[in-house]
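Labels A, B, C, D, E, F, G and H are assigned to the chains in the order they are written; within every chain, residues are numbered from 1.
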Amino acid sequence: MSTMSLKDLNKLPVRLTSGHRLCAGCAESIIARQILMGTEHPVAVSSSTGCFEVSTTIFPYTSWNTPWIHTAFGNGAATCAGVEAAYQSLKRQGKITEEMRFVNFAGDGATYDIGLQALSGAMERGHHMMFVCLNNEAYMNTGIQRSGATGTGASTTTSPAGAISPGKKEFPKDMTLVMAAHNIPFAAQVSPHNWRDLISKANKGFECGGPSFINAISPCPRGWRFPSEQTVAIAKLAVECCVWPLYEVEHGTEFTLTAESKRIADGKAEKRPVTDWFDAQGRYKHLRQEKWEPFVESIQEEVDRRWDRLQKLCSL
Amino acid sequence: MSTMSLKDLNKLPVRLTSGHRLCAGCAESIIARQILMGTEHPVAVSSSTGCFEVSTTIFPYTSWNTPWIHTAFGNGAATCAGVEAAYQSLKRQGKITEEMRFVNFAGDGATYDIGLQALSGAMERGHHMMFVCLNNEAYMNTGIQRSGATGTGASTTTSPAGAISPGKKEFPKDMTLVMAAHNIPFAAQVSPHNWRDLISKANKGFECGGPSFINAISPCPRGWRFPSEQTVAIAKLAVECCVWPLYEVEHGTEFTLTAESKRIADGKAEKRPVTDWFDAQGRYKHLRQEKWEPFVESIQEEVDRRWDRLQKLCSL
Amino acid sequence: MVEYKDMLIGGRTDKPGSAEGFKTGDWRSFVPVVDMDKCIDCLTCWVYCPDDSIIIKDDKMAGIKLSHCKGCGICASVCPKKAIAMVED
Amino acid sequence: MVEYKDMLIGGRTDKPGSAEGFKTGDWRSFVPVVDMDKCIDCLTCWVYCPDDSIIIKDDKMAGIKLSHCKGCGICASVCPKKAIAMVED
Amino acid sequence: MVTANEILAETAISSGKYVKAFPEFGPERMGAPIRAFTRISEHPIKVHSQVYEPDIVVVLDGTLVGKVDIVGGLKKNGFVLANYAGTPKELQKALGADVECHTVDATAISMEEMGKPMANTAILGALTKVSPMVTYSALEDQITSKFSGKLSDKMIVKNLTALKRAYEEVQ
Amino acid sequence: MVTANEILAETAISSGKYVKAFPEFGPERMGAPIRAFTRISEHPIKVHSQVYEPDIVVVLDGTLVGKVDIVGGLKKNGFVLANYAGTPKELQKALGADVECHTVDATAISMEEMGKPMANTAILGALTKVSPMVTYSALEDQITSKFSGKLSDKMIVKNLTALKRAYEEVQ
Amino acid sequence: MSPKDMAINGDSAVAFAWKQIDPDVCAAYPITPQTIIVERFSDYVADGEVHTEFVCVESEHSALTVCTASQSAGARTFTATASQGLAYMWEMLPITSAMRTPLIMAVANRAVSGPININNDHGDVMAARDCGWISLFSENVQEAYDMSIIAPRIAEHWDVQLPCLVNLDGFILTHAIERISPLETHTVKEFVGEYKARYPLLDHRNPVSHGLMDGPDFYYQHKYQLVEAMAKAAQVAEEVFKEFAEISGREYHSVERYLCDDAEYIAIVLGSSFGTAKAAVDKLRAEGVKAGCAMPRVYRPFPEKMLAELMKGKKGVAVMDKHLSIGAYGPLYPEMIAAALDLEVIPGMYNYIYGLGGVDVTVDHIKSIFEDMVEGRSEKVNFLGVKL
Amino acid sequence: MSPKDMAINGDSAVAFAWKQIDPDVCAAYPITPQTIIVERFSDYVADGEVHTEFVCVESEHSALTVCTASQSAGARTFTATASQGLAYMWEMLPITSAMRTPLIMAVANRAVSGPININNDHGDVMAARDCGWISLFSENVQEAYDMSIIAPRIAEHWDVQLPCLVNLDGFILTHAIERISPLETHTVKEFVGEYKARYPLLDHRNPVSHGLMDGPDFYYQHKYQLVEAMAKAAQVAEEVFKEFAEISGREYHSVERYLCDDAEYIAIVLGSSFGTAKAAVDKLRAEGVKAGCAMPRVYRPFPEKMLAELMKGKKGVAVMDKHLSIGAYGPLYPEMIAAALDLEVIPGMYNYIYGLGGVDVTVDHIKSIFEDMVEGRSEKVNFLGVKL
């Protein structure tokens, strides 16, 4: 799959149909469709509660053309693990013969916050499953509240910019690093703008023979406040500003930068300033106020610090 | 505190009294007493459910000579964060004037597994609190069940050695690394056998101005099956075999080996084989069976792999 | 809508992809219009359309599925040949 | 034991360190016996005793708190001078 | 939509009336058509159920005409007010229903006055004309006070102009 | 302790009796003194409450004599059997109570026969002597079958020897 | 003089009450339809209009934990949740009450999964009914605002010290703009008063241990303390309602009655449907039916005696439950019968399960209940409004 | 011929039944006093004696999630918990039933925090009473074993498809060795049968979506399906009990009665206290008191009709609750009154709250209840055995 062209890819079965109710221009379905192009095996999908789950399955409609299950918000990894456990048992008993793959889609809230524990547990136990974070950097389904993934300085409805507040004050959890520290066979960061990179990582994740984690940046026109046609461009910008480096980690130790990020590290592409990132989105609008200038600088410093560390990790 | 001698330390107030009901020779109180020597400020303590909590506070008795609170098992970090939040608010309003410190004690189950989410969340939000894991590598309070911290190959009551099972099959979560990936000001691994190293790290944790995490190996004579007088020796052995390296991490990036581990890395002390570790404890007895030899080798490999990575991280 | 007697137990549905029957086309304020002359059938629009609303026939871009296209404009913005224009619906 | 009328609300207790009143000394099968001649007052036993049962007076090792010592033997095993022996209680 | 609802409710209250105004209950998605309801009364409102038989239907997005059911449940003597470029007659025909209709091209008005298609507030001006629920001047006051501080004075004036024009141009 | 309880229960059942055997309910800690209870009856046992008035008190750890309450609740015609180096008279005195006492130095016996202070099984031998609840031979059978496969044959024989001695030496 | 009336939705009204009270700590996690509460309150925080330490936790289990610990520490603490949020924090509910931490939790009542559904019913609050929390219901936005101010006075009373739920129906009230007459902020502050904590943890000079383990010797006693505290709360509630009437002119009662005195048939109902029921009663009265309706505003402690009194001499009582204990009855129904047991003659008692997952209840629906009763058509348990 | 009788504690007996059934998947998290179940079962797994995929999850929320998903996927799945475990997984309880996954959960009944307490009461299972689970009680170890075998037959019935709780009192049964007569393994296997899943997720050729969102249009309907399934479960339970009697000689009923027919006073009780109550009844009968006792073995679906029948003509009924809805009644009490409502004369109904947090209940305690009733000393709600 990882080397297929769009001409080949469009012949794969449509696992996620139209008729879902994501906002116009939402990246979540773009990502999910690309992820599902990552394997030719039958896939059972689970979803944590969130925009993606709600929008694809309002009774009696389902956008899913493949087995799909949702139970609750914080337990996507456990849901997927349960399906996988059933598969392992029935396969061992000869009641199922075909190879199958298992993937859970979760928002950042359902990954970084309320779903972290179930995720960490599933990874530790070594289920053969992939966990994909559709990271739109806030609780979008409930109306743009701050999450552990929300970018510093973003104005959300629970970290609003205000007279004494520059939006979210804390730095986002580095979830991909956290998952890499779990020593799982495969972990990666992806962006939907680079479908080749994304599908190739999805394929590695599906086929790594154990648990894998993929963190996908998922621009949200409604919550980030940009025009819906910009979705793909915004995703690309995140990579170019190094707020969202593309890389993969095998077994928690082998770090590799990929695609645009590799080019930036190699000096073949420009690393854009974080202000470019801010300027493209309404959620950061207030940061243009003079009083938050030092704050913006501190963000750039932390972005640089993390980017440096990542480069070092890749050079180990 | 970090440079105090035992003569000085014994003059500090006794924050945890005798009369608790930990098993004879349990390391948990040894660690807790050393940790609490790490600050001269008043300390409010919280505990997650587990041996330590149950044993120190069976109504109407309390071993605590300092404010202490317990609510439940999976939420030690949130309990501590709640106390700290109250403190921040009342301090800001001038209703409290003195400096105070906050620490939560949790077992490995309450840290690696069911308490991970609350812990991760509290760290992300930046509460000024310390989280100490009393890591006895299993759910001991309920009778020695496997946790995410249980050593590979250990026989526990839910990962028993048996005809087709060599004890726990999975490798333990590298929780200190996971917490370091949270970019918190201070994270460290300690062992009670080296009280100087432990108290000095506790002091750094208390005074780092933000959240800190300390992972303490806590030998458990009952669950690990060794004679109670061996507790301190076993802790030391863990360090010598590099299954429990002593190190600290500042801001998620500055890794430093300390004490015996530093000496081993520097070639000044011997790195002992993991079989020494196994031979000292009943929980690993079955591994001496020939059929598990390859399994034992794979454990040594993983211990080495992780030790290598750690040394590399320290050299960044 | 579904009658009580026809509802599976457990809130399940055994009609995969039935959301195709839910027409999101009426959400649209702008509609993509393709200039087939400019189009080089690269399928870039297809891989990025969030609503699977780019019709592909025999590896060729064959128009927009108006029943579901929400008019987000992504296809227009990613098209390397600027073959798609968004016009008021 | 505590009477109903004396119980604070919320299961709280305002008697800090009251566990001192719970004597764990009767758990012991072996008892540490100190040879004061060998002892150099290094306080190593004190820092490792899990039950705070090493009595220190004026910076000196002053015996064992038998009311609470559980007889674990740690003090004996860590003493650099082998000044402590565990004997049947 | 929700904003229009809110302003209407606020105006009614500031005129001493009681209201109950609420959006349709469901997940919100950008782009999807939505509905909102307002009850207005001289007396405290006890009934908390949804609205099945409205006196007035206001259509904010004229492109929905013909696509979704608009007149279902409308009371016998009720009417439709739509942001619609055509005449009331044309609207009646498009709706295919024999109901009283009023139209105003609020989108055009707001584009012209504010440079943005914000039919939201404008249409309220038309509403005060065709229904006596709240007075035009109460509405003007409410909009002025609601937006002062949040919008520039210039923008407020533009809003009011749009309001006025809708009031005047509604058929 | 719990093991003795278990073996006793198993022996009683294999002898066609009904039992209810249970440990004290609380957190277990290594070193802390614990208690366990066994009801034995010819008939199915309905009562699930705890035991307040035992017929027999068996003391497995003689060092507890004088430290904890042992005879409280003991039935009028009940007796105490203790793993105790002294005579029944001495035990009576140490308990400070006028109750029937039996003693056997099960620790010494098990040390001598098994090289370990495992008074656990040994004391059961003494129990069958002083109480007719289960027969000695049933106990022997049960121990043999319970430990076969888990302990070496040699160790089982040692256990049985200890059992026998306790049976014979109890006073 | 009160400030002029406001157009405000239920959630914002709760947030506004909170702002006036200015609690020390607030920890919450977003969930529809509660979100507006924390969002509006976040705005106050961001603009420095309150002193509150606002903690955006990572889950509801932590939300209630942070609040319980914070209140134990000595801080007045508020939170809000709904549906899955309450379900996810369930473990902490009986712990919060047992620890006697009088924190306030607004519940934007919503159906509990499964299936997942964001609309109103009482599945969430009913899951808390055993847990030792005081529970107050509101009929409309004004009441949601008023109860938010009244709640801390009952909860924090020196002899009560119990957490309190303030219920408002999801969407029907949370998202509905209504007219309310707020109190002046200083009036609110005076009424609610400074928070005085009992045995606060942060008083490190007097170290107290909170949350010890109980053996069988003490657990029941500690629970019995809660029984006594609940009995006290019943009294205190009536007192606080009286005091509140003095500052606001709005009279509340543990059991709210509408035309019940001479009624032959009454409906018992919780939350916003009480208003709709009143409208139905008005219509029925106009038609000559002696109808009435009532709401146990204080649902916990359960006002058994007042409810018995209320039901005395009635021909029929329809107990309307917006929740169902599957395989048994609605939660309110058997308790109403238990209350009626004290009467010499027990009225006809009928259970109407209604409104699950947001099924709308109209005046006509409620009228039909009375008509059923009058005509003798009511079953014991009736499923109102389910489309089969 | 059955294998010879065993000396076994309640937890091990449940594990032994599981081993005989050999479920496809088991996921659980340790908690006292349930631990022995999973520990013994782990031994079977480690020794290759079962085919089960055993998942050691990181919390109970995940335990029940894994089980629900696994059963949805098409695997027969068992789990066990207690107390905080049930509390921590609470969110999943109504989801599991709504998803119609007939998994089995043993509950080693234990008090729920706070205060934390490891001893027996029914606080845990009562927290599940609304959630759409079938709930079976056992009086002793034999019954805990038998119910473990019976449960899947009821739960998995084609028209039931509901999860089922198998309750056994913590420590009193879990840790007590009693004598049981197990069935032969092949007899168990035949009785329970192969698991046939409805719409299993793993059937990828017929893709089914599980767990969709419901608007108000469908939620109530989906819940009503549960109402119907519960009604079906009530029938199926009786049928399965009959079948079980054929293979075991042991007769069970939805409502177990002991000397109730001619009794004037009866006690209603759940779990192990039923045995103790029988002993008390024996004593009272010897003293000439016409006493009886009964246990709703099938607690959900609530056997209303049978219980009404049972209470007919009695002078007094003592409803014994090992849990308290604080500020109201014990959970069983109001439902018993609701059941009694169908009678022409409602007996004297008294609530006895007892055994909270492990307070022991003795024969004398239960005798005193009858003496209270006979002497007219019973209050409406009585707190038995609390030391004040």
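Please note the rule applied: contacts are C-beta pairs under 8 Å (C-beta built on N, C-alpha and C of every residue); 3 or more make two chains touch, one makes a residue touch a chain.
This structure is a prediction, so every number in the text was calculated from the model and none was measured.
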Response to the item:
Chain-touch separation of subunit C and subunit F, in steps, is 2
Practice prompt. With chain centres defined as mean CA positions, report which chain is farthest from subunit B.
Written response: E
Response to the item:
Greatest centre-to-centre gap (Cα means) from subunit F is with chain E
Worksheet entry | Centroid distance [mean C-alpha coordinates] between subunit G and subunit D, Å | 52
Worksheet, complete the sentence: For the pair subunit B and subunit E, the C-alpha centroid-to-centroid distance in angstrom is 63
Worksheet entry | Centre distance in Å when subunit D and subunit H are each reduced to the mean of their C-alpha atoms | 46
Worksheet item: Per the centroid of Cα atoms for each chain, what is the distance between subunit D and subunit F, given in Å?
Response: 32
Discussion item. By the touch rule stated above, which residues of subunit F touch at least two different other chains?
Written reply: 25-27, 31-32
Fill in: Residues within subunit A bordering two or more other chains
21-25, 54, 57-62, 64-66, 70-72, 74, 112-114, 116-117, 120-121, 124-125, 141, 143, 148, 221, 228
Worksheet entry | Two or more partner chains touched - positions in subunit H | 32, 56, 58-59, 72, 84, 88, 91, 95, 98-99, 113-116, 118-119, 207-218, 221-222, 224, 358, 360, 387-388
Practice prompt. Note which residues of subunit C are touching subunit G in the complex, please.
Written response: 4, 11
Worksheet entry | Residue numbers on subunit G that touch subunit B, as the complex places them | 24-25, 27, 51-53, 55-59, 61-62, 65-75, 77, 91-92, 95, 99, 201-204, 207-215, 218
Item to complete: Spell out the part of subunit E that touches subunit C in their complex, as residue ranges.
Response: 31-33, 63-64, 67-68
Fill in: In the complex, subunit G residues that touch subunit A
29-32, 35, 38-39, 42-43, 45-48, 56, 58-59, 84, 88, 113-116
Worksheet, complete the sentence: In the complex, the residues of subunit H that touch subunit D are 114-115, 387-388
